[in-house]
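Take a look at the structure below.
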Amino acid sequence: MDDLKKDFKQERHEDYAVELIEITKKFPGVLANDRVTVKIKKGEVHAIVGENGAGKSTLMNQLYGLYRPDSGEIRIFGQKKVFNGPRDAIKAGIGMVHQHFMLVDTLTVAENVVLGNEPVKGLNFDLKKARQEVRELSEKYGLYVDVDAKIEDIPVGMQQRVEIIKTLYRGASIIILDEPTAVLTPQEVEELFVIMRNLQKSGKTLLFISHKLNEVMEISDRITVMRGGKVTGELITKDTNEREIARAMVGRDVVLKLDKAPHKPKEVVFEVKDLWVKDNRHLDAVRGVSLQVRKGEVVGIAGVAGNGQSELVEAITGLRKVEKGEIIFEGKNVTNKHPRILREMGMTHIAEDRLKHALIKPFPAYYNVVLGRHYKRPFANGAFLNHKEIKRYTTELMEEFDVRPRIIEHLGGNFSGGNQQKLVVGREIKAGPKFMVVAQPTRGLDVGAIEFIHRQILKMREQDLGILLISMELEEIFSLSDRILVMYEGQIMGEVKPEETTIEEVGLMMAGKRLEEIRGGRNEENN
Amino acid sequence: MKKIIESIAVPVISVVIALLISALIILAIGKNPIEAYGKLIHGAFGSQQAIIDTLIKTTPLILTGLAVGFGFRAGVFNIGAEGQMAMGALMAAVFASNFGGLPPAVAIPLTMLIGMLAGAGWAAIAGFLKAKTGAHEVVTTIMLNWTTTYIASFVITGPLATGSGTPKSPEISTSAQLPILMRVGAMELSAGIIISIVAAIFMYVFLSKTTTGYEIKAVGFNPYAAEYGGISVAKNIVLAMAISGALAGLAGVTELMGVHHRFLGELSGGKGFDGISIALIGQNNPIGIIFAALLIGALRTGSNEMQFMGVSKYIVIIVQAIVIFLVAADRIVKAIYARKKVKA
Amino acid sequence: MRILSAILSIFINPQFYKIALTAATPLIFASLGGVFSEITGVVNIALEGIILMGAFTSVVFTYFTGNVWIGVLMAIVSGILLALLHAWGSIKWAGNQVVLGTAIILLSQGLTGFLMEPIFGQPGQTNFVGKIDEITIPGLVDVPFIGQIIGEISPFVYIAFGCVFFGWWLIYKTKLGLRMRSVGENPEAADTLGVNVHAIRYFGVIMSGVFASLAGAYLSVGEIGQFKELMSGGRGFIGLAAMIIGKWNPIGAMFASLFFGIFGAFSNQLQSLQEITVASNVKSLFDTIPFILTIIVVAGFVGKSRPPAADGVPYEK
């Protein structure tokens, strides 16, 4: 192991905005934080980096008062603090912008900002004053929001700004941003960085939690790296690079790009024509999408969450009604057909939310593994299940896909996230499909599991499967896809090949610019 | 073995706590709970006649327990067992009074079938509404319960009225009556008990061995994942409610064919609601349900004798209510159990 | 033709509207109770049982003290106690709220039935113990038509409407109400801002107990002055249906309750029309109407009106 610790000059408590000293936190079965010490200077942008499961979120939740440390000390501006809940942390000047926004959909922006600290007039809630105060903050810090809009009606970028205003309303001088860029386009990320620099200039201290190394390199002053609950690196940003950070994050040299065989697609196996789909609120989520997938190719759909990808996937896999348009599988029209028919024809689906959609937690592994084919031979004879064959198959699958623990009776909900996903991936692949829909396959997984699943996808591609990949991780899209489509507000902004485009170009499409505009505009610049 | 103990710990402890609390209530009205419970046990098991009486009372309870328990396995809460039981008995009574010309080998299965279909159909209404519109089955089945009460009242005071006194339907033909297994004094134990045990076996086999059982369980645990896996959630909700209703209807029809031989207002008499506590005590497992039904059947039989010392039969409902509460909030009992384990 | 004009004559009879109001009154209380509980995220089907217990308790204490209003007060106490039991099981122990509600309904039926003999010496129903008389509002009672409806009517009707407006003000105009709504939609978000999710939910459930017990008190000492077994008669569930139609809004629930009241009054008046002769047992079929109506309404409205997002889901960190 190669711990990297640089020497910091001895400094006094008062120079630090936050000192987390020897913080230890244990949950049943896992030591989430193991004597973690992190010191954050006043007025700096400090990044805390690590994979999923490294312990960053747990650490921040203790700083915000949602959990109490089992042992260790927290000092804010030199003063020892014990937080019994978020109110205490808020009083100490700490604010948190959560990864999954903590907003009440049916209330307005102003109501969300003041909730818990509402201005009052007599016995009544003073909505007028709330709106005024939020508007003032919005203008002061350049965070544009519509104070009377309901959260469910505003775009994700504005929702994030509301989260930031929430912290400023409560007088935060230390702001924690937990994976803030996961839901933003590359351009919106730049806008966020501008906001962050402004906040820094007005004296705030910022904690930036992320696993995206390029962003960390761009915005932070210093970096703390965590792995397996421990601190494995303390770095000064201008003196380090992405490889060094990655090595401290993972503990070994990381393969950043897998080998991919050249693109040799065969005939079209799956097609979508001018598809229109509504979301849960009866608004158009997919607006006239057309695409094709051939055997032996991976078609990647990039896009920020909330632009219709989920609804597109659900429509394709028979879980949501198609309002207009056609879905064609191996030449046959399968629009609005039930998932059973699609599965029988050879389509499988690795779902975006595995706990909600793909796995039945109280079922043992051997029941989960046959879901979708449970009524067919060899798993069933007529009306009765063939338990012997089901169990044999499960043992085989768990071996092939390295699912641990190798206990077929283990309940689905008791496996770790990575192993649950391996079960699901194994089930969908071993069903021998002709076409697979793969949605956010590696969300929340550690590097080892991510590598494994990427290898499986490329293997399927070599075996002439058609694969439709939907992901919000641009790196994943770039490294796996043969062709990339970008979705924005329910429409395809353009189609490119990964070797013929740039992150910047894809980012512009994710933000709403069509390919022709981008390339047309560039041509004009060159003339 | 440990697993079995762990799974029965919650219901058993819940029953014990319920009996203790009820003992306090009995004390509060100035009666001696030990004497009361003594009469209860004697009334249920104290003589051959008592035991037969208990078994007679247990028969429909096994079936309503299976009905509610089956529903729970499928993720639906069938409070409507009460109305489905009455509807099954009512429909069967309407037809079975005319089966005089048929041999028992035909009349009995036919009557059972009518009762089961009536119960299934009545429950399927709620199932269909839930599948199609999301209407909560608790509200719809309770509304259907009330509707059944009034429909039944209309039928037996009008078109089917017989004789004077309590409203009742005509007697069903003897060929449609269940054979008697045992007779002690005035108590006659019919073949209904065998039917209910067979039904329990059926439920066990169906849920653990068949593909439809797998699908119903999947829908009960996670309808999203079930749909994703190609299972029709709508079809299985309706099917589960229908099977549940059929079991409740069978309870009604065995009471009709084995005990009363005609439809009366009190035929269902709360047995559908008893099914709820029975399913919960039995943890929705057929074997557990048989034991739980026996417990409630014993309580109901024994409480008749307890009445003579001034402790109302309603105490049995109170016991059941407390048990349902503790099983639904099972963490209470689990916390007590865990603390006892640590001390041990 | 005669039948048609007879039916129309129902609507010009002020008695019809008065009956509609009094029939709606317990539903207004019940649906308001449902709103208070569910808007904070706790499903409370125990309302039926709390209504029954309220009806019983008010009769018991009127019987013992001779004072009807003490009876009503104690009914509220009983409602708070039963609601606390439901809240305790649902919130602290995160139990299945629907099953817990059923347990409370059964407990209520069991206790009221059990205590009939020891207290009143007879099962089934009590004798007359005392009733809250209608109040006459001078001036109002002389107004033509309207005066015959609301000029001389049980004070409970006025109390019910008062509660609705109180509920509306509390939920939409105060900071407590803002917190209640947030806790029912996204308890985690409220928690991260320091709002005490559990305390707010206890409040919502307890208030539902207060209102439901008032419904019960009205049914017994407000209308007939005695208690009869199972006299809650499904009103707790109809109240929940009114809550759904009313989209979990006190005013909406009030209008929905009035709708049910009107329907009930219409069915009632129809039966007493001389022009329509029906056998006495067909009357039973008329009695099914409110229940079938509830089914239709619940099935038709459920998809269209959205409950609070966290309704029925226990909150745990």
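Note that the chains are named A, B and C in the order they appear, and that numbering of residues resets to 1 at the start of each chain.
The criterion applied here is as follows: a contact is a pair of C-beta atoms (placed from the backbone, for glycine too) under 8 Å apart; a residue touches a chain by one contact, two chains touch by 3 or more.
Please read these numbers as outputs of a predicted model, since none were measured by experiment.
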Winner on C-beta contact pairs when A-B is weighed against B-C: B-C
Chain whose average C-alpha position is farthest from chain C's own: A
Where chain A and chain B are represented by their mean Cα positions, the distance between them in whole Å: 49
Inter-centroid spacing, chain C versus chain B (mean Cα positions, whole Å): 29
Per-residue multi-chain contacts in chain C, two or more chains: none
Chain C - residues contacting chain A, complex: 173-175, 177-179, 181-182, 185-186, 188-195, 309, 317
List of chain B residues in touch with chain A within their complex: 209-212, 214-215, 217-218, 221-222, 224-232
Chain C residues touching chain B - in the complex, by the definition given at the top: 45, 85, 89-90, 93-96, 98-100, 102-104, 106-107, 109-111, 113-118, 123, 234, 237, 240-241, 279-282, 284-285, 287-288, 291-292, 294-295, 298-300, 302-303
Residue numbers on chain A that touch chain B, as the complex places them: 317, 319, 338-340, 342-344, 349, 351, 356-363, 367, 371-372, 374-375, 380, 383-385, 387
Chain B to chain C touching residues, read off their complex: 25, 29-30, 77, 79, 129, 132-136, 138-140, 142-144, 146-147, 150-151, 153-154, 157-158, 273, 276-277, 280, 310, 312, 314-318, 320-322, 324-325, 327-332
